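In the two complexes that follow, subunit A is the common piece, with subunit B as its partner first and subunit C second.
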Partner chain A sequence: MATITATAQKSSPPGILAGAAVRKLLVLALLAAVLVPFAVTRWSSGAWPEALTVDVSGPLADVSDWIIDNRDSHPLFLYFLGHVSNVVVIAVRAVYLALLAVGWAGVTAVAALVAWRVAGVRLALGTAVAFLVCGLLGMWVPTMQTLALMVVAVAASVLVGALLGLAAGLSDRMERLLRPVLDTMQVLPAFAYLLPVVLVFGIGVPAAVLATVIYAAPPMARLTSLGLRGADKEVLEAVESLGSTARQRLLTARIPLARKELLLGINQTIMMALSMAVIASVIGAGGLGDRVYQALASVDVGAALAAGVPIVLLAVVLDRVTGAAGARLGQAPAPNSRALWSAALAAAAVVAVAGRLAGRLEWPVNWVVGIADPVNRAVDWMTAHLYTGVPVVGGTADWAGRFTTWVLDPLRDGLQWLPWWSVLLTVAALAWLIGTWRTALTAVLAMAAIGVLGVWDQSLDTLSQVLAAVAVTLVIGFATGIAAARSDRVERLLRPVLDVFQTMPQFVYLIPVVALFGVGRAPAVAAAIVYALPAVVRITAQGLRRVDPAALESARSLGATSAQQLRQVQLPLARRALLLAVNQGVVLVLAVVIIGGLVGGGALGYDVVFGLAQGDLATGLVAGAAIVCLGLMLDRVTQPTERRAKKGA
Partner chain B sequence: MGTAAPTADNGPKNAGTDTGNADGTGGAGAAVPVFSVEGLWKVFGPKADRIPGDAELTALDQAELRRRTGCTAAVRDVSFDVRKGEVFVVMGLSGSGKSTLVRCLTRLIEPTAGTIAIDGEDVRAMDGARLRELRRHRAAMVFQHFGLLPHRTVLDNVAYGLEIQGVGKTERRARAAEVVAKVGLEGMEQRRPAQLSGGQRQRVGLARALAVDPEVLLFDEPFSALDPLIRRDMQEEVIRLHRDEGRTMVFITHDLQEALKLGDRIALMRDGRVVQLGTPEEIVASPADDYVREFVRDVPREQVITVRTAMRPAGSAEEAANGPAVRPDATVAEAIEAVARAGGPARVMDQGRCLGVVDAPALLAVVAGTAGAADGPAAGAVNEEPV
Partner chain C sequence: MRMSRVSRVSRMLRAGTTGPHRTRPPRTRTGRTRPKRAAAGAGALLLLTLTGCGAADMTKQASPFANAQGARTVTLSVQSWVGAQANVAVAQYLLEHELGYRVDTVQVDEVPAWDALSQGRVDAILEDWGHPDQEQRYVEDKKTIARGGDLGVTGHIGWFVPTYFAEQHPDVTDWKNLNKYADQFRTPESGGKGQLLDGSPSYVTNDKALVKNLKLDYKVVFAGSEAAQITQIKQFAKQKKPFLTYWYTPQWLTEQVPMTEVKLPPYKEGCDADPAKVACAYPHTPLQKYLNADFAEKGGKAADFLKKFKWTTEDQNEVALMIADQKLTPRQAAKKWVDSHESTWRSWLP
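Up next, the complex of A and B:
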């Protein structure tokens, strides 16, 4: 807890809000003085009281059983969900077969040529190399499986997201209705979506695709709505002044004006879909994610890496190509663009047909370079030499062990020792200080719901990992961000690293940490830190760089040292960006800490994995609900709101 | 100025009968005004409808009205006619309601009260289809920040209005190409708005409005966002277009120089009301109140006021027969030059008839601003705004 409090205080300018803050704390103290003695005498102090929990596993198990029993007979499944499931299976199968039919040469050629037309020669080469590397690593078939699933999931996400976004963009009522839902979905860890989908569809491709769609559609919806609403008012007025109908306005002005946001939405949807398609391997997505998952389960780092590299390559290529498409908007298309497109497609077709005629549809077996064994040998060497007993610095396993003993354990035990009401009170105080009484109320209710669900201890375990990871992330992230903001050279060095790290799906971060630290809670925390760092660094650096140059210049002209400039001008003026960095850091860390359940992180993430693996959906669902509550609480606690002056005080 | 010349003689003659024309067919030969606005109100805020009808509320000033009702009256009880073929300028500082006023004309902003008629047809009573018809064919607007579609080429932006009307691709492109040439953008048809300078963008905006061949062109501060030199070019362009086509124009501006340069008549707005309506010369020569007087204080009067205003009757037959001749719509500045060259009074000649003479003291009085006092009572009659 201490870490978050410290950062919150550091980033708020002293004095301005002191009055309001003191008032809020007084109100809370008064509330506590009345309620706490009552609560303590009525129930107990310490962990969440038994009397206040509701055992939902029984009813959940009943629901689960009912669904399993009725999946083949109930009209809801027969006439609706069954069809959905079948359509998904057929679509994914069709795309997969089509990809195989085109052959590796054809797929590579088509991808490269599309990249060439959309994003230029360099990315075309990069795309071709990426696909060839997937083949070389012996991952061609899993790559195509993942790609097929992605194609279907992205198409569905874009369609659903665009329709929702259109509704929210055109109707204020829909916007008011959808906005909070989409905002909340955006902060929930991917793992939370798995179990409800499995409950309905069972483990398999349909569940994986639907979970992906649920996870990937919100950014599309949000950005569509944002684009439609953000259109230049005067352009719309000009279009109206020419006597256009509402339909004409939408088709010829509003949608084209929102193209940038729409493309950004597609880009984000693709990235989220890839991230989820990999995670969804735990509910039967197959493909690359499944290979990583299987390999991690047996701590086979080499095999995990062989499957992880294609995931990263796929992510980078997809991100760069769609990003470049967005950046090229507004430029006049090349005069002969149509001819070049047809030439590109014809060339791709020729390559595909040639590959087919040559009988080389499948990736040649003797072209595969097995990296699993060398990598595993390297890991073994590392285990032998770096894990422990390195003079002076100690080994990686020693670090992990010490981090667990000295940080994670005391933090967890401390949190679990705290009386339950004091946890609620702390949550309320933090959320109210940073946000409004509404966010505070949501946060407290979410935290209380965790207790009611009966997973108080596991949740506090997860929370302790999150807090430790966030603390480390913020210290490193702010320091790096400040360095990047103050030195152009540092920023130039960091940019490509951040670019790559920010596009990688959460899942692959587990591979290197397992190699370095083995399994356990510390590796999960390490993966979370690495995953959340780029975003924190980037937001911090951008926030500091966006500080009004005039304010900085005037400080400099008054003779402020650079430390004074930073402390008195840059940090206070970048306060919103810093708070956003905290918020993003917390949300991203939580997502990976939960996934850490796969590599021995324990707590809520493990409950989900356990529930899935054992078919004990009730346990998994309860843990999923607790994850949702935890995510909601953490987001609300760190969410700065603009309405503070109006509602908060 | 030259631009005011073709219609400058309309001003004083029609001024007295203007209110008579408001009902449409009054004077002999007076056509139905293109736009006829009567008692127009636009109030923003909660329950805006009650304000125009409430005598107690309408008497309040802006700040008081906002405090009492939470509403802002952007346009207050405005009446005017726009005559066929004239350039009607609405001028005022920012927040005076002029942009709201021009948007009310085609109901881009829905008026709160009052009547608007275009060619005698009630605009406020129009249904959606009829209103679109009005916007498509009868009144086209040019915007301050151009309002171009960034994803379309210049040609397709210009053709956009025709596309909205459902004109086929080949025809609309051909017609757009003509207009593009007319505004001097040949060779830039395939560029995108982002590749153009501000002045060129506004030419596209102008071309888009012209392409639909509207009866009236509405300009909402079209040149405010441009550099001074470009602005002057664009003003010349508008003057040229008006001379060539004689299209009716309603022109909104906050720039007095621009208003005087372009306007056949000017309505000067303040806090939503029209405080004076008249020719540039009338406004400069005889401001209706202190606000207008302060406004026009720095205007070089000799370049706006014509000799028709400055002249006195010829003192003798000899005076009426000798001396250099100037047109009645020549500016005082031009007369000064003639008088200085000749060394004596100049005659104001209209089709061979001597209307009067201007001499050095009369011209000096105009420059010094002391001539206004003598003109005051006579010119006061031309203020159409009764309030």
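Up next, the complex of A and C:
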């Protein structure tokens, strides 16, 4: 369905396209004219009518009590979930003990040598330095704990994701079944589903690993399915003509041909898993995330940074190494590749054994450099001098105050003042204009579900924060992206900054934003902007750079100025990338606005935090569900149908 | 993993045309099959554990990081406020240096910490501010948690204004006069009303009901975490701005930003029974320790030590201030305190 409309739209001239939009709006207007008077007389206008809400707090409290009372006796827990949890504990422990047994020198050597063989000398050096820095920051043991947890979580995610992707890649029915689920998972802020996981598995490593798997498996599944479906038809036909069985075709042609996507999937999974490392510390993951979380409790940005830096380093190293491995996939191996591998492994083994014999398994205590003090001094200076009373421009607190009073408040009050049916209509119109009637229906149902759950006001409050943050993000992001696309130097300068901000755990900059902007919705919005900006900048810059050089060349030969080229050629041609940037921006902003509940963002984020803190399933789960619905709605409203059609094809 | 897959594929394709490989999918020794085999292995392991050894009670599974390399480990729950960190830091230091244990700490919110304690994921909570529901469920009914005695510190929650403001306007310390000052406590977040700053959602609070029932012209603004609340209070204090906040003692911040309590209608036994109708102050709570029931019985010296652990508000504040204000690590702070208070902690050792 989606495919047909999309291709029809694409091939049709703009006049008809506009006609289609008008037709859609007419149909909506007609529907509204019939339904709205009915709804308004039946229920009320204004906020979501009381009569249409369902109170689920009673049943949820019962569920919560039942789980707690039966966790140590019911067969479901004893014979299934208990074993799942057990396997996780054993696996993490095994990896952790192995890492400790190899010692710091051994771990560094193994990592560096593997990086050398897979990705070359430069990355090998980078890897070694990264691990040594983790040690120097005094974070060796937490780094190993996080690494152990990540190894298990990534392995499980890749396994689960690959199996799901295989199913979706081979069977159309599975594809239809799984796609909406995976789509939803993709837009889910991780914070929303920590609570149910904790309730079942209790605080601790098993819950953390499972939450990570839920978060990190979908990209693997998506990309596996995409790779299998995207296999070159001619090669497949050639294989089929050779009389091979379906299984042979899968093993010898389809999977090998999809290896690029598979590797990209692994790369994505690793990045997602690492970004969960800190969030999962809220439910007892331990390791680096826990250090960040504990440091923030005593408002110690420096210490939080000392634990955040290893996460960033791990992420950058793993990203580059898997990326380089992907890029090298097609090339022929060096003739002596096997010998070099054995040499590398032997060297690693020698270092590990040497470390062991020297009795230097643990990172030496006096090889630690404290960065906490200088960082804290810098942060103190910043907050002391920028907070308020800066001549002419005013301090950050003044900006935050004005932003709250002049942007956030009117936006929130406006949204909450709107009659509920008009919100639904707006959502329907936006989603239908950009997509199909199906996406519109999903978006409207998601929005209605929020009302039914009885969290209409909070959700609109969250929505107002998201909209404000997205607007700012897009303005800054597009401007920076355009600058980066037009100048190589700007892009080179930006790249490491973007890398760091994209992988830095969001928690680390929650405290600086409070110090700069005070408590409230403004710091939540600021943190969201910082988090979403790198992705928007990146996608914009890439999209603009991919614009066909021939088109640019011809524009130039017609004497178009640089600004004209940008406005009339590059931006229109990069439209799809820009829309993707909007979509990603919205999803990322939502994720952080929720975490903003920790710094006074209130609304749904606060409810989730409250639910986690009080073990209150009724509040936490309802807010979590509302976040899911909000995410779904926002995604559908900003996701052009072309992209989805292409993915499915 | 990196082996040239293209050439292998083409080799396989060619092999398929010629001979014996045709009916059987060719196997390769390296690379591609390895993850599959590992996957199969993991699956088999899972299946084995599922069918092989019967019940697995996940409420009795310890942390995978515990007892690594043969050490005896105690896991303590650290709550997010610094006073609790001080308790844990000193207990940890003494357990490690005097009794030879390894100590793991986990940061958990208050209510989930009870759950973790009952499951044995943590062995002890050293500072609890009173959770009657959880106490009933875990201590009385399920008997998975045992009482560990008084911590020695008495906690008190209340509403506070900075002392510099209370000195200029002495009548602000009575709740009846709060409405007079509402517009001085206004912030962008609280809109037209005065702001009552609340902290972490995990803390015990009746503030919304109090504001309503005492008919105050205030809005409760939740900072969402204590860290955010402290940062905000410090910023206010730097500029000598007035503020009204939910706060508690003992807390190290009161040493840095002196605060005066606002008198609410006095607390009477049972006046906070109905959360919606509360109109009285918060009680004074002797803080309690709780131990996992199994640990309390079989925990040996560590359990005995934790049961005897008892100090004063001043002691706790001393350590907390070193951690939060002088930015010593909890370990350094604990060492400093331990070095100078030997007579206090000697009596805790079994």
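Keep this in mind: the second predicted complex is superposed on the first by the 549 of 649 C-alpha atoms of A that agree within 3 Å, B and C clash if a C-alpha of one lies under 4 Å from a C-alpha of the other, contacts with A are read in each partner's own complex, and residues count from 1 in each chain.
Everything that follows uses one rule, which is that a residue touches a chain if its C-beta (ideal position, glycine included) is under 8 Å from a C-beta of that chain, and two chains touch if they have at least 3 such contacts.
Nothing here was measured: the structure is a model prediction, and the numbers come from that model.
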| item | value |
| --- | --- |
| First, second, both or neither for A:Tyr96, with subunit B first and subunit C second | second |
| Which of subunit B and subunit C A:Arg259 touches, first, second, both or neither | both |
| Which partner reaches more residues of subunit A (counting touched residues only), subunit B or subunit C | C |
| Partner chain(s) touched by A:Leu251 [first = subunit B, second = subunit C, both, neither] | second |
| First (subunit B), second (subunit C), both or neither touched by A:Ser241 | first |
| Residues of subunit A contacting subunit B in one complex and subunit C in the other | 238-239, 242-244, 248, 252-253, 256-257, 259, 329-332 |
| Residue numbers on subunit A that touch subunit C, as the complex places them | 68, 71-72, 77-90, 92-93, 96-97, 100, 117-118, 145, 148, 155, 158-159, 162, 198, 201-206, 238-239, 242-244, 247-248, 251-253, 255-257, 259, 281, 283-284, 286, 290, 293-294, 296-300, 302-303, 325, 328-333, 337, 372-373, 376, 383-384, 387-388, 397, 400-402, 404-405, 409, 510-511, 514-515, 518-523, 596-602, 605-606, 609-610, 612-616 |
| Subunit C to subunit A touching residues, read off their complex | 1-9, 12-13, 16-17, 22, 25-26, 32, 35, 38-39, 42, 45-46, 49-50, 54-65, 68-69, 78, 80-82, 85, 104-113, 115-116, 119, 121, 137, 187-189, 191, 197, 200-202, 221-232, 235, 238-239, 323-324, 327, 329 |
| Footprint of subunit A on subunit B - complex, ascending | 103, 106, 108, 131-137, 140-141, 143-151, 153, 160-161, 163-165, 190-192, 194-195, 205, 208, 212, 218 |
| Sites on subunit A touched by subunit B in the complex | 232, 234-235, 237-245, 248, 252-253, 256-257, 259, 329-332 |
